[in-house]
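By written order: A, B, C and D. Residues from 1 in each chain.
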């Protein structure tokens, strides 16, 4: 019903939606050479720097059509999704299927950098707290609520904190993560800890899978498809 | 010169500034009992739920005086700091010393929840991208730039991405973290990876300390004070 | 061709081979209560303490038939395997199929404790270095050598160090682990590091999968069976 | 009173005792070049391969004087220590101060490889289970018992399993580790888990510090020395 994500995830989705690509490289590499070759590294994924030129062009033209009224981050992301053609894009699929995307830290991404650039010469008015109401209304009205967390960070907490202002709690929660509780950070925090806050219900079905989500997520999707078919 | 942080860090600072406290507990505990006792757990730290009642009162009165003009997140945080009395508060110290605080995901915190509550009945107009310009100006004008990272998440990336739009790079970088590169996430990403992006300079002095920051940060502060004295 | 493992793995295999079982529990539990209930915990696996009574009886009778000549650890483990009935047992399967099992730290297990107990009244003569020669002969004579590592510890190093005394190197290596290199320990050490030692060849096909082996091992086995069938 | 350790730790101690050294390098390096330069890498520590030539000469001469009677691993390590001159050596200090060193997986080290080499032409008779009795006698007779664990692996379990065969339990336990419980392995297992087994007492003072032991161990030593002085 709802996707909460990071700006970076949306940037990588946009790049692929523009028919540009990420490449499988290696994490053992000379990063100074990569820089000389204008390749940005994300662990073992390589991203040519010139992709960001095409992305700039696309985003500036989208911002240009977006208007200068006060809008929310969710509205901006829906508008971006509506202006894409790639049916595999998360942003486009979400827009097409009326799935709102919430992204509290959108500034912290190339979308944010492009918005800053656009604002040098043009008006853009996005309200930080503008989409919290619609998000909480969805949480509030849910009869049963489930959270499916891939990784942690801002999205994890933003999803969970929604229950602090409703009488509800999550009835189901799955988290796929490599982060562990011992650091004391929210990303690795156990789902039991969330029970103390009333974010996850005390009789919720909740499970954490400490493993690489690039392995466990496809497994779960495949298993779910398999069960739905039978 | 600049602090980039999370909403949660500022919330915990606010709670202490109100003379309310966090308590040392244990991570091995029955979270359902804690919930019944209205104690929220953060790994091995306990936080009485009623602290949030006092925090609500304080934040609502601050929002009430803040006005309804379009402002930035940084301006909101400076204003909150100016309305505190505790000289040990990070928010107050930053306001007193003209250190700007940037917090891209402020919605993702109890400050965000209180802002939502306030907006149910009152106008509040905070521009998502409103303080990026002043932050980038500071980064742009730095002769030498250093990043001191405690943990990762949004603050780490937000600090580093500032260099993507300047001709500069970080000349110094220290990260204190328990996150490792192998997950592929930004929090654990090596400072070498940041070199490929031009965030950290290829001749920068950069070091990652994989260890608990509650141990390493005080050590570094103590050592720095010691050297400054001699 | 060869299995290198820990004493603990063999103990848990023995317990199952005696038709005793390990139970799925939870890692969030009061360990004092578990102790009162005579249940030993291994993260989220529960092991009734009285299983060790049956194991003692079995091991003492096996030691009793083993004789007092000087033998190697491998010979002891083969003898134990020959005295089991459960065809699913690793020890028995290895004995039946002439797969030698090497276990350098066998003292560090309940097999070790039972050996100590037996030696209080009976002679038992196991040579620490007694089976290194046959192990190295196997490594030496291999035309192509591959290492499949599930976890790290003593078995990982013992497998790799075999190549230090041969002109060979591993041509293939897979490691399934949750341990990362940043601690500096051998368990998480990268396969690249092993290249510097001449343990893994510089043109070897070598890959590390940072993920839970209870997920990745069955996946690999299933995929291998699938390919073999077609 | 007792040191339980790995063969590798003793090998690195021996190398330093021979006035050979380990060098501070980097973990980001081309391991094929290192191999060509005959430098072995241990994460960010470099060890010239020719150190092992000197070590071989030393160990072969020690084995030669050790005799062919059946002895224990502890006796072998004491004998090695007695044949060293470096007063900073762990092996020598332990021998000089009658601190027994137990090392269950001694085969899994260059000491093991050298023992294998020696046995090609000479008799050497080391009993796997030969020193368990004296170790358990020390554990048994302790009025109060404390375990100080730096890292995990075989030494951690070997220390803890000693209490399975005594009516005692550890009254104090400190573990300095980067390993976390979520993998299910013994190295990261919590001290609470050890309570269920009766290894650590249910009213023991036990604490785990999840942090780099190269930082925390010197801190603890310095603090202890400081307290002892006052």
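The definition used in the following text is that a contact is a pair of C-beta atoms (placed from the backbone, for glycine too) under 8 Å apart; a residue touches a chain by one contact, two chains touch by 3 or more.
In UniProt terms, the chains line up like this: A, B, C, D = Deoxyhypusine synthase.
Computed from a prediction, not measured in an experiment: that's the story for all the values here.
Trainee: Looking only at C-beta pairs that count as contacts, which pair of chains has more of them, A-D or B-D?
Mentor: Between the two chain pairs, B-D has more contacting C-beta pairs.
Trainee: Report the chain whose CA-based centre is farthest from the CA-based centre of chain D (Deoxyhypusine synthase).
Mentor: Here the answer is chain A, farthest from chain D (Deoxyhypusine synthase).
Trainee: Between chain A (Deoxyhypusine synthase) and chain B (Deoxyhypusine synthase), what's the gap in Å when you average each chain's C-alpha atoms?
Mentor: Here chain A (Deoxyhypusine synthase) and chain B (Deoxyhypusine synthase) have centroids separated by 20 Å.
Trainee: Using CA atom averages as chain centres, what separation in Å is found between chain A (Deoxyhypusine synthase) and chain D (Deoxyhypusine synthase)?
Mentor: 46
Trainee: Centroid of chain B (Deoxyhypusine synthase) to centroid of chain D (Deoxyhypusine synthase), CA atoms only: how many Å?
Mentor: A distance of 42 Å separates the two centres.
Trainee: Counting only residues that touch at least two other chains, what does the list for chain D (Deoxyhypusine synthase) look like?
Mentor: Residues 28, 178, 181-183, 192, 210, 212 of chain D (Deoxyhypusine synthase) each touch two or more of the other chains.
Trainee: Spell out the residues on chain D (Deoxyhypusine synthase) that touch chain C (Deoxyhypusine synthase) in their complex, using ranges where they run on.
Mentor: Counting only chain D (Deoxyhypusine synthase), the residues touching chain C (Deoxyhypusine synthase) are 8, 27, 31-32, 34-35, 39-45, 70, 73, 104-110, 112-113, 115-117, 119-120, 124-129, 132-133, 136, 151, 153-154, 157-158, 161, 164-165, 178-179, 181-187, 189, 192-193, 195-198, 202, 212, 214.
Trainee: For a test of understanding, state which residues of chain A (Deoxyhypusine synthase) touch chain D (Deoxyhypusine synthase) in their complex under the given definition.
Mentor: 28, 180-183, 210
Trainee: Show me the residue ranges of chain A (Deoxyhypusine synthase) that touch chain C (Deoxyhypusine synthase) in the complex, using the header's touch definition.
Mentor: 28, 178, 190, 192, 209-212, 215-216, 219
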